[in-house]
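Here come two complexes built around chain A, the first alongside chain B, the second alongside chain C.
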Partner chain A sequence: MQALNKHLKKALSGGDAGIILSALSLVVIFAVASDSFLTQYNIFNLTRTQSLYIFVALSQAVMLVTGNMNLSVGAIAGLTAVIFGYAIEVLGLPLPLALAAAMTVAMAAGWFNGFVMTKLGVNSFIVTLSTLFIFTGLVYGISEGYSYRGIPKDFVSLGRGNFLGLPYLFYLMVATLAAVWYMFKYTVFGRQLLATGSNQEAAELSGINTHRVIMGANLLSAFFAAMGGLLWVSRLGTAQPAIGQNWLIISFAVAIIGGTALNGGKLTAIGLFGGGLIMVLIKNGLILVQANVYFEQAFLGSIILLTILLNRWREVASKKGKSS
Partner chain B sequence: MKLELKNITKQFPGVKALDDVSLTFSGGEVHALLGENGAGKSTLIKTICGIQKSDQGKVILNDKELDLGSLKEGMSYGITIVNQEIQVFSESSIAENIMMDKLENYRKSAGIDWATLNTEAVVYLERVGLDLDPEMPIGSLSAAQKQLVQIAKALSRDADVILLDEPTSSITENEVAKLFSLVRELRDKGIIMIFVSHKLEEVLEICDVVSVLRDGKHVGTQPISALNKESIVEMMIGRKVLVEEFDELVVDKNDLILQAKDVSLAGVFEDASFDLRRGEILGFYGLVGSGRTELAKTIIGHTPKTGGTVLLNGKAVDITSVSQCIEKYSIGYVSENRKEEGLFLEFDIESNITITIWKRIANKISRAIDMVKQNTMAKDLMKQLDVRATGPSQIVGDLSGGNQQKISIAKWLAADCDILIIDEPSVGVDVGAKSTIHQLIWELANKFGKSIILISSDMPEMISLSSRVVVFKERKITGVVPGIATGNQNYADMSREIGGLMA
Partner chain C sequence: MKRFMKLTGVLATSVLLAGNAFAADVKFAWYASTVHPYFDEVQTGVDKFSEDFGIEVTKRLGQDWTQDNQNENVTAMAAQGFTSFSIFPSDVAGAKGLYEELAEQGITIVDFGQPTQQPTPASFFVGTQLKRAAMVATEELIKSMGGKGNIVNVLEVPGEATRRRSEGVEEVVDSYPDVYIIQTVGNLSTIEDSVEKVENAIAANIGKIDGIIATGYTPTVAIAQLLTEYHQSGGKRIHFIGIDTDEVVMDAIREGHIDGTMAQNPFGHGYIPMVLLKHMADGYTPIKGTHNIDAGVLAVTKDNLDSYQDDIAAMTKTIVEELTTKYLEKK
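After this line comes the complex of A and B, so read on.
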């Protein structure tokens, strides 16, 4: 009982252990509840979706960590996908050039967000709310709602193939998270992102060019959004303008469940991994228990709210613990 | 009408803000509450109006002990505060601003009975001598008019006690006269008026009684007739001040490391000129808002200047950002608000200390910070500054005020700047930490040859450390006073000379 109590406390006291523990509990619950849960097919699917979610979450988390947000991540992903499809099908460009074109447009979109935020001093909510519509408008203006086909086989196999039963995307995601972990733990830029989010005024007075840092976060956010968009294309096999439409909720949910502080200053790669897993398990689990999928967004929204409330309660509790 | 405070004590982590304070305020008098920064004034005000609960002691109004826990409870007893920052809802009408907390009294079917509300608001406006359309948005009023509206609001609550916290800080002299005649009028009606101000001339003009706090203790209450400006300053600073003695710094008068020539920031300060000699400690003395901190932030490129020239080692420089200031010109600024502007409270000690030099200790290719170096640097500096902590990985938010201040100085020692601007280094720290910090500042100049600008409103600190003191008054530099170490004066002469430049 005492041991259980200790585990429970640890889970509630937050940190990566709590997130991973929650994810594992969900795995156990679903494995018991459904025979089809631990099949190889299901595991492949789950981890592939998880991998995509991680890129989506990263695009949001690198902004949240600086105390800002990016509502336009999905629109940037859609734009990337459409430019990529257009370059291949309409312009007939070879794969590397099409990828470069899509990436360039995404980075320009990120740069624009960053420019308005830092040089014109508009807050991130307003900027990205506007660009969400601007970019979405471009997506539909360019594609006219049409899905581009003719995506090269090599590229599609990236999103569909597997190695040792796990999707290629899973390995790509793990490598990316490792790089993110390294960046936030050791590199100057990563530490500057955290410092800016933790206390922007102090960071500025410590000689950190916070405008440049926030610009960097915007570029990084666009980069991850573009990665997510392109990988989504490789999984679907077509470049659809609808890619990114449901990202707003996923990006916030995975980032927040994964322990990214909403007011900046905190991000953990292991937490994000757990957050992505929890998200995909919940979605998968809802189907397995035959819940009405039309209510899905209501479930996800409630989970975001609960996570935030839990975090706040935890903060209050830990402050009380310290002062007594 | 009588408001009594009995044995009020309030402890904050690392510092006793109020220490057994007992005071009596009577109706029919304007009672000044004075003290230097950190003396405990604002904590006492917060206690009286209910924003903050004291650890011990009682607040008694007309022989009834009050149970204060919030501003709203304070108001319900008739205690109300007029803040230094004028808080209004700009888009709302004057009448609505006055009645904001009582709107439920004017309910009419589904909405608000504006006609009655406006008529009643006019009554209060008249009492403060304002002849204005109550439906006008308050945003179009002058600062003084807004201040008067705030007082009208206090009157509408049937206040028995009105606390005026720096009421003249944002209004012009003409408007002050108007405000003061109203204060006198209210006093004559028997309301207890408590007046908090940095401006001694005003205190002498308007107040009947003066109470002074120093280091959280009540040091005395005197009728104004028994006081003059000098004696008030003496009460605030203390007659027998413990002036720490430091040896004279060896400075070459002609070796100027930093010069400012007519530096201005429109609307904030004008034509500031001073020079900093290599290896000296130059004091910037003045009240909050006199332009000293603002000038410092302009020098370091945080708020770009609108006029004048800054010279570094005789050459004109254009410092446009703090990062450039640190990296290229080797000037650092230790902020006065360590929590808001100096520290990353949720980071550990070593990250806080090395933040200014991350770029320097990072691998050139991988851009990874050398964690071993970070750890050793932090350990060395913690030892040098006698930081009390469990280790370099302790979270800074968990440290006491004094230790936090040491960390925010350590960070600049790590940066190894030639020039350090240190702003109010000992606000909110206890006596022991204060003397360690003083010792350190002096050593920085004496042992390490740093040139230092020390900004402070703590007179003993200023006098014992500074080679010379630049005095700021109302956004201008009014003079430079030679220090004890460089001149041939004693403490009293020097504080008198500084006081003269402030008056």
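After this line comes the complex of A and C, so read on.
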């Protein structure tokens, strides 16, 4: 029991506890403000959207943790969706092959980002800003703006089905976060990602091949972006070229609200879970309480900022308490 | 569509035989903001014009929806000697500056899709009368609801077009004492945002919504998919009328998950402005007091799913026939 408590305490480090508490506070506030909040339909949709947000956030977080960023996450997602749709509807490929084709293209995109960053030494902001345009151009060049509709029903059921009232995507998200937690906690690669982000020079001096680590981060980022894109296709039932268009802000916002350090070296799975939850709660809550549609962005931004500030205040207060 | 192609061919021949010929230095151009299925359909009208009249039209698409991008591209085209433009203004206020520059160079412009704010150097606007289209859509929705009930009004990004559409919806709802707008959802620019917010709106009003109206393309596609899923999983029937004829939307109508959509006339948005430009290059001038040309809009339901295009084609034919009597004169 003591070991369990110790693990729980460790798992819920100060920062994570603050994020989870913030999320729970929002749950209470909206549950009181609206009697529609705790309905089965709303919980299902909340958790499903949260799950999708987590993949978006992961695609950015694995780059942030190394001290880099990826502005092309949405474009990679859109490209994956379009390649998948094209493979299914135009080429008539079976589902597994279409998925493989889509993932291959996504990983190639990630590899390209990583190659230019590591071998050519270009800053991640500049590389991924350029590839954002390149990949977006490919999306519209291939699809010409049209969406692909012949998505197999089995695949669509992944994005729409449920088990015990919670969406399949929720379980997939939890499993993915568990894998991410394990990777950062117990694998060499995970620790190397954190070390590279904390201090790249020191990591190199300690023998870590940081170029390989950053390449790995790019591949992981592309993987999560592609997963997110495909899961959105599954959710929508069509492969839309517009998938990923609004991912940039969400990918940063959820990752940072979830405690991922902007300058690298820190990422927690529980924090990301909480960050995704906070984001969907705020957006859901604003609709439930019928916030003025024209001021909605202002409300959204203000609540996000307030959540981050409260969490920051709590962290500082907690540190002061420990030092005294 | 084939019937219309034939009809336009006849019309084009008669115009050509009338013996009017414009100066050899007139060059025709068509410009739209960026890649979008709507512009693909509009281009079919432009291509048909070229085919019918034997006139080359250079078509360009921009890189994004910003007015800055449009200004750069269109001024570059003007520098290349294009004299007659059919343009989709990226920003209805911002485009006026561009048009004034073009007009100073003697360039003729016709707006399509959305009109620049008055006063404008554009000779005409050809497109859907947004408020009227929204009103027709709302009437259709209320009819499907049996004349009473609660509606969720779904809007795209704030702007002139959205404001007009919203006015149309509200005006019609006000005329029905037993119909209420219980929530307005807006600021929807992406498919994911549309799905998330409309889902949230359904959750917020679970069991109370009788109808949803969407007057924008992206929300329409999102809601068609959302309601398909909602009804398939046993949710209470929610009536819906959207806009535009994306195949996803047409599938949903066919399968009975949504009631219908408003078909615009993108072919006409492409064809009619080019005919106007050709007539003006031939010496015609706008009749005073004319500017907006309604290319027409039609409610598409399960009943006319396979035949609505013929009706749209007939609308376009009528408009083209009337151009030199209702909208243009030769002094």
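Structure notes:
As a convention for this text, the second predicted complex is superposed on the first by the 277 of 324 C-alpha atoms of A that agree within 3 Å, B and C clash if a C-alpha of one lies under 4 Å from a C-alpha of the other, contacts with A are read in each partner's own complex, and residues count from 1 in each chain.
Basically, a residue touches a chain if its C-beta (ideal position, glycine included) is under 8 Å from a C-beta of that chain, and two chains touch if they have at least 3 such contacts.
Every value quoted in this text rests on a predicted model; they were computed, and no experiment measured them.
With the two structures aligned on chain A, chain B fits next to chain C without clashing. Within the superposed three-chain model, A:205 lies in touch with chain B and out of touch with chain C [touch as defined at top].
Legend: residue contacts after superposition of the two complexes on their common chain; A:294 is shown touching chain C, with no touch to chain B. With both structures placed on the common chain, the touch criterion links A:192 to chain B but leaves chain C unconnected. In the superposed pair of complexes, A:182 makes contact with chain B only, with no contact to chain C. Contacts of A:160 after superposition: chain C is touched, whereas chain B is not reached. Shared-chain residue A:245: touches chain C; no touch with chain B. Touched residues of chain A were counted for both chain B and chain C, and C has more of them. Once the two complexes are overlaid on the shared chain, A:266 sits against chain B while remaining clear of chain C.
Superposition on chain A leaves chain B and chain C with their closest Cα atoms 27 Å from each other. Residues 34, 36, 39, 41-42, 45, 49, 52, 140, 144-147, 149, 160, 232, 235-238, 240, 242-243, 245-246, 280, 283-284, 287-288, 290, 293-294, 296-297 of chain A touch chain C in their complex.
By the touch criterion given at the top, residues 300, 302, 321-323, 325-327, 333, 335, 340-347, 351, 355-356, 358-359, 362, 366-369, 371, 398, 411, 415 of chain B touch chain A in their complex. Interface of chain A with chain B (complex): residues 182, 186-189, 191-192, 194-195, 198-199, 201-209, 265-266, 322.
Those residues of chain C lying in contact with chain A across their complex are 34-37, 39-40, 155, 158, 183-187, 189-193, 195-197, 199-206, 218, 221-222, 225, 228-229, 233, 235, 246-248, 251.
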